[in-house]
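These notes open a run of structures that come right after.
In the two assemblies presented below, subunit A is common to both, partnered first by subunit B and then by subunit C.
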Partner chain A sequence: MDHPVRHSDVDERHTSQSRRIVRWTGTYIALILLVFGVLIGRVVQLKLNPDPRLPKAVESSTSSRTELARRGHLLDRNGRVIATTTIGYRLFVDPKVVEDISTIASDLARLLRIDAVDIDKKIHKRIDSRYVVVANRLDDSQIDSIRDANIKGVGLEAIPIRHYPNDALAAGVVGLVGVEHTGLAGYEYLFDETLEPTHGKLTYLRDVRRQALWFDPEEYRPGSDGNDVRLSIDLVIQEIAESRLRQAVLEHNAGGARTVVIDVQTGEILAMADVLNPREGWDEFTSDPMRAKDPRLARNRCVTDPYEPGSTFKGFVWSVATEEGLADPDEILDTPDGVPHVTSKGRRIRDAFYYGKSTWRKVLIKSMNSGMAIVAERMSDQLMQSVVDRFGFGRKTYCGLPGESAGIVTSASKWSHYTQTSVAMGHEIAVTPLQMVRAFSVFARDGTIPSLRITAADPTNNEFRLEHRVLSEATVQLTRDVMRQVMTDGSGRKAQSLKYQLFGKSGTAQLPKKEGGGYHEDRYVSSFIAGAPYTNPRIVVVAIMDDPDKNFNGHYGGEISGPIARDIIDATLDYLGVPPDQPDYQGPIASAD
Partner chain B sequence: MFAKLILIILAAGAIASSLLVLRQQKVETIHEISRAYQRQRVSEQTLWLLQAEIARRVRPEALNEKLRESELNWLPIPAIPVTLDQHAIAGAESLTNPGE
Partner chain C sequence: MLRAGHGLILCVVSLLVIGVVMVQSAGLRIVPDRTIDIREVLLGKQAALAAMAILTLFIASRLPVNKLYQTRGWLNPIPWIVLGSMALLLVVHLPGIGKEVNGARRWIELGPIGFQPSELAKWGFIIVIAWWAARHADSMHLLRRGFLPPMILLGLACVLIATEDLGTSVLIGTVGVCMLIAAGARLWHVSLLIPVGAAGFVTAVMTSEYRINRLKAFLDPFQDPQGIGYHIIQSMSAINGGGLAGRGLGNSVQKFGYLPEDTTDFIFAIICEELGVMGAAIVVCLYAALLLGGFSIIRRLTCPFQSLLGLGVLLTIGFQALINMAVVTGMAPTKGIALPLLSAGGTGWIVTAFSIGLLVSMDRTLAREAENAKPAFANRIDAPPNATMDQLQDQSDPHPSVSLGKA
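== the complex of A and B ==
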């Protein structure tokens, strides 16, 4: 029999259940609040007063490293790479971490194939340091060996490596970078600021085994590569110039040779080469100890070392004297026949060959010192000094190359009758090859002198270039015409090109003594300067032979430097695709289609 | 009421688990990005090496050597005269040989 359930019992049960739920709920909430309270308290404690060991532990789980950006390229005018950067590795040791230095040294010596004693010495020398570089620029197999060996306390560090793909080509011009990957010499030094990259920074988290887990995107600072520099140098023309100079130095057993090739319209230096021959008796004139250490550290003598131009200077004096009306090209001068000319002040002027009375035109064609002296005496000192000045001699070209010389010019206060007649023949003045090509380009242009440039010109960019007029167009045309005759009837006959009509001038100056003043009797600087093609000149080339051995193949500029200038002009114009302008040229030429 | 409480606790647990999963996914994504970045750096460095090697192989001296080895009779091609103005528009229209 069922007992009836009383309402009061049911209510009592419900009430008891509700109380229990409320009690448990309250307990849970209290517990949760307690847990949160404890957590918040811990956070506050960690923030305000953390355990001193904590920051160290946190820091040790993250690392920062530099993300190497690339130094800018040095490019030639056509975008060929002259200098580029890749990433290489150097090996370092932490002496505090390695267990046994001798063992490490022998292990590394085996892996790197270098002397263990050297490694041991290097580590012991800086035993208190945490970073001892053992080897720079490891090759691929060495890197793999070190990584596979996984030796404690031995690490690999990424470093930028500068490459010069063209080896020694243009080495002295391009220069090099140092251990810190900054420019030390040449264009590398000159454009260091532009080429320099901004390295990035990366912070990454490491696990307990100190292996990288990931990097922190918020801490990432990207690097940016350095800017490229497009030089005015053309590697092909540079190669033409250098190989021809090397050949010539051997042919004439010369102490050295130099050449500069420029584009006459833009003033761009297309090639600049400087070759030295380690020949006995010459090094006294070119003390350049850095060249022996590294050819990239060599002094660029085309920029730094002036030379006496000799008769190549006559064209400048001839053109100004003609323009000023002091001599007419067809005027017959009283030049001597067989005996030296004596100036009004009693100075005896010798010619290499005597032609008797000659026209002013012939004076330049045959390079007659006597004729130049006669007209020099008609010129005032100030006018002769203005010849030097207006063609840019005696001051730098300011093309930006480091160490540039202004040359040597006698000051107005020391200017004498002797100076007046000497300068007219290209003596008692010293110029750099760079100054010479710039000045001579006046005859290849419309009478204006260009600013030289070492970076490639952009034909689409109408940038301002400073040019000033030196001669009238009529005088330029006349002088160029006479210097064309130098090639056909004068001292440039041996430098005639079969392909292109050249205009130029030779020069042979005695070599000045290093000490005590005066000149060597039988040692010379032989030079030749020329432009081509005659009708529409594109380039000017100067070739200088320093101290050629007279007993080999002569010493006159027209004989030994002329062919160098001609060969460089032929090959360069050929390469530039300039059609031959010699009327009789029947050589091979392909059609453009 | 108890069931509701259990439901709330389970829901909170599920949300917490989901958050943990999302956090783990974020960590894995960052890790993968880091690895991809490292791979990109390695590729970039390989590219730099290749560029240097190409530059070495196409230097004028090397090309001249190849020309000599080829024993072919190479002839210079006359250049098409280009004025400075034409230089500026060379990208827009191709130049034709005036000799043709």
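== the complex of A and C ==
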């Protein structure tokens, strides 16, 4: 405390210094406050409008984690699983973080029980990368041992794994997924968008050492599994078809075989099989290099490869000519006896067998080329072209399968007399098996042609289906009747079923040369198409033998493809629980006699 | 009656409370399976330091400041402060005594207590200069007898400090010069120093790579965002975070390892990130209130020594706050200067609280004098009682000393 005397000591000198101090203090403080103001302004500026380079210069403090969702199942029409996805683990190494790069391979080899040299090669190949995949699809014990070992720089990454529980069955049709788990081929590719899941994503804050801190509930986006697709395929029928084809190509030493089974009412493809049989020393007619790599990458030849239908095409021409009144089933045509028929333009038409004057009905039953040529000459070019068009040949079925071929049809401008008579016999035209079953189902229905479908139809869903009329019901009944006789009195005799009444038609076409045009003299495509049961048709099956070895067990469609179609029909209808309609059928015990 | 001194105490306590909370928040670590208890905050090291700082403030507010000035002979503390500061500043350079922290030898450790001689010198020189300028009030306008002697001492200390801690050196030099100007030094005398100071500053910068880097980082931090620009970019990014309102107390992201020195020199960035512009404004306003409160005391003081001492304290705190916030917001190159009463730092809080305590003490003395003077004042002007009351009320707290001076 100041002594009272001090007050009297306060002289002028001190007073003036005090005033000066106060003045300057005020000035200093005013300046500091001014800068304080600027600082607040700067804070506001940094908050609202920082240097545009700032966000880019700062490493993000958030990470996100993907929560894997499941790709949809591929199911057969009855819900059997064709393709499914599980979550598996992949092991990767970050060479930059690994403490001892020289021993990592042997450490991992010990834990995973796989070859150390392999691992070492993989790592050293991409030593500068931060992500080297060492092993895919670890099993549970491998995962446990890796987790227990907790090696720095070694990580496990969850990955989806696609399983095909039926192995090779329908492999080429189903296709497969690639490393990104997206469809690469077949149905997997076709339905990729539907099957594809939406992965969940969780964005969280992390500290500088990448440890997770917390997350904002709004930053969590749950995933959803992909939708399942129920295919029209029936695995049992598929198995029936595939095993029958495999047996057949060996029996006939054929280059390949194809079959398609459809439900005639819904247009659903029940089975679709395509077998190739590589033979030593043969100049193969078809090849599919991708199939050799992986059967799942196979080309589906039922869709992509047209073939010459031969006599199986005659039914279409026969029915239209009849419907148009150009020939009556009972009209007797001037078919030759022993010598080839000569057309008005001088083309010589050979028959396999000569029957002399025959009815129009008999022309189809006995598959007489001469009779077909006679009526073809009565038809206008346009009518013949409309036969091709009405039954859907020359254009895709648009069932959705990738790589579909439209077949090969001579254009109207190049249409000649030769074409007119050839097409009547199923030559100078190429069709896909898919087109063939669809067209033939006209005879199994009420004269309308269905759209094919590759997914299972929902019977409760009365969805719009594109169908259009090709023939009148009367003509259909007549044609089906004649083709029933093909089985009993014609080329289908060897393909008769004891259980079901079939109606069908055989065809044997020469194999076109790969180069230079023309046909091989003694190589064939032998096919047979049939529907059953005759009384109330349910299915249509086409069976095609590509390049059967003539010296094995014959080469005629009726002889070698007919039994295939018949066996598939028998087994399929039996499986579907369709009661036999053969009047003589006595049941399995009786037939065993 | 709320006096300016009470205001100062309020500001200090507020800043310390914010300091304890924010240091705790910035130092937060998320550890699985461990919850943080409020007791950790209240009974933690920072809370203890804050309590000690407040205690120190109360003790200092009871000290008779003018005794510093009036004591003579062997008990006069001024020569001891000068000698002691200089000795410590020299000794810290000796290996074995001075301890290197972050590449700079600034610390002396005595058992468990570590301190920086430059910190002591910072406060010591305020007392020394205030003492000299008050003693030589009539010769302060003279170059050789008034201005140069303290300036040479100051310069010497600055050079000694500058080798290890340029920021503090500049701070001490600036505060010293400002005090000398206020005490009566001629401006043109001071201007003579500018080339010397500038040359010294440039030498200090050019001879040290990290100072050049800091300067480069300040001029364009984005040239090397992962290197020299990292710290300032992270700081600006922290301030930017959360928008005007901030992310909310405790919600800073940058404190999780992204922003170095987040509890100490860069605490202001975390305050801006968590509490937004409002938090920053509160902090700045508390410093402003501190300065204005101090000013209101100084303008009533009649003793130049006390005024200058008060000025030195205010300038030291004000400049430190200013430099720190300028650094954090990217408006000045990085310096190792803490935010007074907020940055975690231990002894810094206590010493700062002590210095403000001295201002509070001056205010107490003034109040007591006014109390004593009241009856005398009333008698002397011989006014009717009513008029006296009016006059007293009009002129009560803000300017009693001015009235006294006029009497």
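Here, the second predicted complex is superposed on the first by the 500 of 593 C-alpha atoms of A that agree within 3 Å, B and C clash if a C-alpha of one lies under 4 Å from a C-alpha of the other, contacts with A are read in each partner's own complex, and residues count from 1 in each chain.
We take it that contacts are C-beta pairs under 8 Å (C-beta built on N, C-alpha and C of every residue); 3 or more make two chains touch, one makes a residue touch a chain.
These numbers were taken from a predicted model, which means no experiment stands behind them.
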Subunit B versus subunit C as contact partner of A:Asp51, first or second or both or neither: second
Touching partner for A:Thr15 - first (subunit B), second (subunit C), both, neither: second
Touching partner for A:Ser61 - first (subunit B), second (subunit C), both, neither: second
Subunit B versus subunit C as contact partner of A:Val179, first or second or both or neither: neither
Partner chain in contact with A:Ile29 - subunit B first, subunit C second, else both or neither: second
Contacts of A:Val578 with subunit B and subunit C, given as first, second, both or neither: first
Touching partner for A:Arg42 - first (subunit B), second (subunit C), both, neither: second
Contacts on subunit A seen with subunit B and repeated with subunit C across the two complexes: 21, 25, 28, 213-214
Complex contact set, residues of subunit B against subunit A: 1-2, 5, 27, 30-31, 33-34, 37, 41, 45, 48-49, 51-52, 55-56, 58-61, 64, 73, 75-80, 84, 87-88, 97, 99-100
Subunit A residues within the subunit B interface of the complex: 21, 25, 28, 67, 70, 80-81, 84-87, 163, 165-167, 169, 204, 212-215, 217, 235-236, 238-239, 459-460, 574-579, 588-593
Footprint of subunit C on subunit A - complex, ascending: 1-2, 7, 10, 13-15, 17-18, 20-26, 28-29, 32-33, 35-36, 38-40, 42-44, 46-48, 50-51, 53-55, 57-58, 61, 205-209, 211, 213-214
For the subunit C and subunit A complex, residues of the former touching the latter: 30, 64, 66, 133-134, 137-138, 140, 178, 181-184, 221-222, 225, 229, 233-234, 236-237, 239-240, 243-244, 253-254, 256-258, 272, 276-277, 280-281, 284, 287-288, 291-292, 294-295, 298-299, 301-304, 307-308, 310-311, 314-315, 318-319, 321-322, 325-326, 329-331, 365, 368-369, 404-405
